[in-house]
Amino acid sequence: MSDTPKKPSLSMEASRRSFLMGGTALAATLFAPKFLRAADYPTAAVNTTGLAVTDTDVTVGILHSVTGTMAISETGSVQAEKLAIEQINAQGGVLGRQIKFIQEDGASDWPTFAEKAKKLLVNDKVASVMGCWTSASRKAVLPVFEQYNGFLYYPTFYEGLEESPNVIYTGQEATQQIIAGIDWVTQTKGAKSFYLLGSDYIWPRTSNKIARKHIEKLGLKVVGEEYYPLGHTQFNSVINKIRLSKPDVIYAIVVGGSNVAFYKQLKAAGIDMTKEKPLLLTISVTEDEIRGIGGENIVGAYACMKYFQSLDNPNNVEFVKEFKKMWGDDMVIGDVTQAAYLGPWLWKAAVEKAGSFDVDKVREASPGIELTTAPEGYVKVHENHHLWSKTRVGHAKADGQYEVVFETAELVEPDPFPEGYQ
Amino acid sequence: MNARPDFLLTVENLTVSFDGFKAVNGLSFYVEPNECRVIIGPNGAGKTTVLDLICGRTRATDGKVEFKGQDLLKMREDQIVHAGVGRKFQTPTVYEDLTVFENLEISYPKGHGVFGALMFRRDDPVKERIHEIASVVFLDDLLDMKAAFLSHGQKQWLEIGMLLIQDPELLMLDEPVAGMSVAERKQTAELLNRIIQDRSVIVIEHDMKFVEDIATRVTVLHQGKVLSEGSMAHVQADPKVIEVYLGH
Amino acid sequence: MFADYTMGELGAIFAMQGFAGLILFSVFVLMALGLAIIFGQMGVINMAHGEFMILGAYVTYITSNLFADYLPSLFSIYFFIAMILAFFVTAALGMLVEWSLIRHLYKRPLDTLLATWGLSLILQQIYRSVFGAREVGVTIPDWMMGSLPLTDLIEVPINGIFVMVLAISISVAVYFMMYRSSWGKQVRAVTQNRVMAGAVGINTERTDRLTFGIGCGVAGVAGSAFTMIGSTGPTAGQLYIVDTFLVVVFGGAASLLGTIASAFSISQAQSIMEFFLSGSMAKVLTLLTVVGILMLRPQGLFALKLRK
Amino acid sequence: MFAKDNKLFSTGDIVGFVVLAVLIFIVLPAGLDTFRLNLFGKYLTYAFVAIGLVLCWGAGGILSLGQGVFFGLGGYCMAMFLKLEASTPEATKIQSTPGIPDFMDWNQITALPMWWEPFNSLTFSLIAVVLVPVIFAFIIGVAMFRRRVGGVYFAIITQAIAAIMTILIIGQQGYTGGVNGITDLRTLLGWDIRTDEAKVILYFVNAVLLFVCLFVAQFIRKSKLGRILIAMRDQEDRVRFSGYDVANFKIFVFCAGAAFAAIGGAMFTLQVGFMSPSFVGIVPSIEMVIFCAVGGRLSILGAVYGALLVNLAKTTFSEMFPELWLLGLGALFIAVVLAFPNGLAGLYKDYVEPRLMALFKKKADDGGGRNFDSIKAPAE
């Protein structure tokens, strides 16, 4: 697939800066790929717990919804994970073994996720699983992973409040996504009042709670907070309420089909987001969602993510090129898709650091794993199994892409149980 | 007029309107114990509606229906049945998926509450009674047949049997011989003559021969009102009746 | 809540909120009209109603792409053509469904519910296979996506006006078809007494098929219009089904006027409650009220009292 | 012959019950590993709902599209007990308020709500599993059946109730766990329900309860009440004029259906380890009707097979052909409605049973005159 295979390095603390600053050279050309040979790692030694590892290959699971309402969102993750696996295989695999994957369909149904997770762990003995998207599906599989000691790479930005020894969270927990964005909008745009809006479930509610605490800490005002059932399509009333309360910022965490309705109606109601009065800041609209909403309907909005497709660095240019080569030119890549892409790479790095596929050893090796080749730039696994990542603000353009207008200077520390925000 | 206590059924000023159309309009009549009252009248006169009002199938807009001192208008259908009023519909209405035996058993006046029905035992008195009624309505040999397979006339009989097993004091029959063969009609007339002993009966019927046979008194309805009332001879002689009904 | 505002501002907000209620009303009317014909007149519980709407939306999507590629000069008016196409495509599918499925089930209304639910699953999967699992973005001509400033404060969304006009015109059209045309008389004759209608020489099969087709066609037009305000995806149709049925049932199934009255009362209730309560609670309360009233008055708002 | 007693089990019934018992108690446990057995245990919890639907819909003509509500209420009552047991102060010491369920803590609830308190008691919870849904069904039933709401209207209103329930549970996440549901359930009175051994035991508990419900359902069907239900479905007015308060019978059977569904829900929670609003809403409720329709809406045994088969097919085919699966499921609905309105049970009665009977009869004649019940014609 890729003739310039990327490779995660096990210790490149020193080179990381120069790499990030330098920017022009392709990451892969900086480091010659180091092929590991399976013969150096006898199966009996690297697999002491009976996982599906042979002398030539190792099996992992991919567990997302291909059918049902969540298929819309999860498709990108599946594509990214398959791309990562193919690239890893092209450059020699993990500990010299090619990765095979077994894909299961969670069918947007939480018990099915639990069922399939159990099948992957118990019947297929997969070495790790890339999967889940919604919190509900993750909550459903979590006891299974803990009981059978599986290892899950979970890609979605989510509400936090969780830290499982059996999960690596490659997306941001809520504070990583929220606090920097609110700071930015208050500092650069002078925002003083916020209207919080969300779909009615745990992630928007928890995120808005953190947002509200942070806004109040800054001495600013929340002038309204509102939730609509998932799938709600009529937003004219809330748009009027927003007019009435005249916030500087509409902080929107609407998801799914509601998203499309919300932005179309917002535009039709004459709220022109390009005028930034009020300004719209969202943490739930990635490039994927814009395809359904239509770029012309959301132009001018700001989104706070860790990754945008337009991110200008060599890793990302390469990643976007490879992704489109594999899945088609009309593909767009959102934040979660990129986070899903990190999963197989982080796992490979952890396995090779541990020199073993055993879950306990991979877990032990995981904190401190770094990836310089990540499309989003440099990331590092924290002790709490989340990633150190930068937070960025994108400005939506009519072509459905974001222009990156801000990024935090340093990596933001993940804090799934934020003190003072609960 | 006040209700005299010796009337079994008192109907006074009974009115029902369907979206303004008064199907029954200020109707009054009285039924004595052991009387056989026949209601006749042209189509649309409100005959069936009157029965519907008495047995609670349709709610009256205004008026009074009293049975043995009880106000039927305030009672549910099943309470009216328990008070002693039985009703046969114009088209035979039986449970086609059940056997003749089961049809009669359901009408047997015991175990009519939910738990009564759950604990109902098919004991000897029940079986005997069902046999007895079945032989009255000529269905003794067909007890195990599904009602769906009965002939039209047999279904009529079965429905009458289902009423008889409840032993009502007032029996209301809506065109009991309609659609029957001549032989069946004759048998039914005998049956009715037998069962109208010891109870009051209100019959709606078109067959004048049949009416003459059984009627104690006849009430003629026209446009929801009583046109004439009295013995068969009396109403037949009434010029108003001749004009609207018999004259046609 | 209102202390900090001038009377002018408050007036403007209430005017706009009233307008929001009217838009919601129009949306409900559009959703429900097709079903009022199919369920109200024919007694068929069409659980695939939402999928027919989404078919209309997909037709609009295809049309918009065709115009963008081949007739960019006419792009600003493609929407009208798309709606007409949506009507005919969904009506054709409706007639096909009636012929293959529904006509066998007229005597078993509850079974139409199951069969059409199966149909809705099939349609969803077909949409997914053809158009992909993701929502598609339907590009709306610019002139339809703006707002009309009435005063300095009051702005009225143009797509809202469009939906209202459409709702009114389709209601009027359906009213004339059902109550003023000989076809409408035939439809009502067939629904009231199938055997008798057949006996007096009405082609009941043709009438049924046409009625079902038109009901579906109206759903398709509604779906086409909803691309302006909602999302178009394989499963988006399911979002509408509960609301739609409640509107029709609440109105009194057989009454067109009832459907419109019920759409009006439900939309106003919801829009007012949404303004004073949070969105989720407003929805729950609206549904509860409707269910509560239906329990008290099961025949719906407008139902004839019939002589049994 | 007509004087025959109304036996609880005909010969055919006995054969059917025995075959099902052999399948559930012997064949499945012997032939499947724990993982698959647990899956079947899950499928069987849906069979409870389907049995209830046979009574309500098949016999009584009351189609409820809200059975998921009762399944969910039963499941939630069980889940609340298990969650409280899992939320010991030690297990939840990282929370700002230890000792309350984690999702409450995330929602700034600082003390256990009053109405959660009684769920500390297993006895109370077990009673609540059945009683809460039954009371809820009773209220709906009284409101609807007293007002003579029936048929299509009842179906649509119950569907709306399912929608309301889902929005409420999701919206009140501080008290209900929201869209994630109540998850991470661990032990029942200290007994770990997640181990393989526990799964096997729970499977058998579930199977026994299923048979208890089957017996109760059979008893109801064979009682006069069962015949009144059928009578009511076909000629509601006649039943009224035979002196029955029809509404009471409908309320009863609706409550019975709710109770069955609730037991299924509680067993689901125990076997799957969590409960969430996705089993309460419209889609699962309609699917439950489908289990019943596929099995045969008139047959309680058919309902069990229907639940097993549809779910098995769902798991297997959705693994192999995720694209085709929905098409297949949709086609199955349509086929069942159009071609086999009596479902599997109907097919059995029309094709299999006559042949079996012929076979038996032959033998019986050879052996000298055992008699079997005549074969009933299908209802439709």
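All chains are identified by letter, namely A, B, C and D, in their written order; residue positions are counted from 1 within each chain.
The definition used in the following text is that a contact is a pair of C-beta atoms (placed from the backbone, for glycine too) under 8 Å apart; a residue touches a chain by one contact, two chains touch by 3 or more.
Fair warning: this is a prediction, and the values are worked out from it, not measured in the lab.
By number of C-beta pairs in contact, C-D leads over the other of A-D and C-D. Each chain gets a centre from the mean of its Cα atoms; the one farthest from the centre of chain A is B.
One simple way to say how far apart two chains are is to compare their mean CA positions; for chain B and chain C this gives 48 Å. A separation of 39 Å divides the Cα centre of chain A from that of chain D. Remark: chain A and chain C have CA centroids separated by 38 Å (rounded to whole angstrom).
Among all residues of chain D, those that touch two or more other chains are 167, 170-171, 323, 326. Residue positions of chain C touching 2 or more other chains: 128, 238, 280, 283. Chain B has residues 57 in contact with two or more other chains.
Of all the residues in chain C, the ones that touch chain A in their complex are 5, 9, 13, 16-17, 19-20, 23-24, 27, 128, 133-140, 142, 145-147, 149, 155, 157-160, 226, 228-233, 235-236, 238-239, 270-271, 274-275, 278-280, 282-283. Residues of chain A touching chain C in their complex: 66-69, 71-72, 75, 200, 226-229, 231-234, 236-241, 243-244, 256-261, 264-265, 267-270, 288, 290-297. Partner chain B is touched in their complex by these residues of chain D: 1-3, 5-6, 219-220, 223-225, 227-228, 230-231, 234-235, 237-246, 248-249, 252, 377, 379.
Put simply, chain A touches chain D in their complex at residues 66-67, 104-105, 107, 109-112, 114-115, 118-119, 122-123, 134-136, 139-140, 142-143, 147, 159, 161, 200-202, 205-206, 209, 227, 229-230, 417, 422.
Residue ranges of chain D in contact with chain C, taken from their complex: 63, 65, 143-144, 147-149, 151-153, 155-157, 159-161, 163-164, 167-168, 170-171, 282-283, 286, 289-290, 293, 323, 326-327, 329-334, 336-338, 341.
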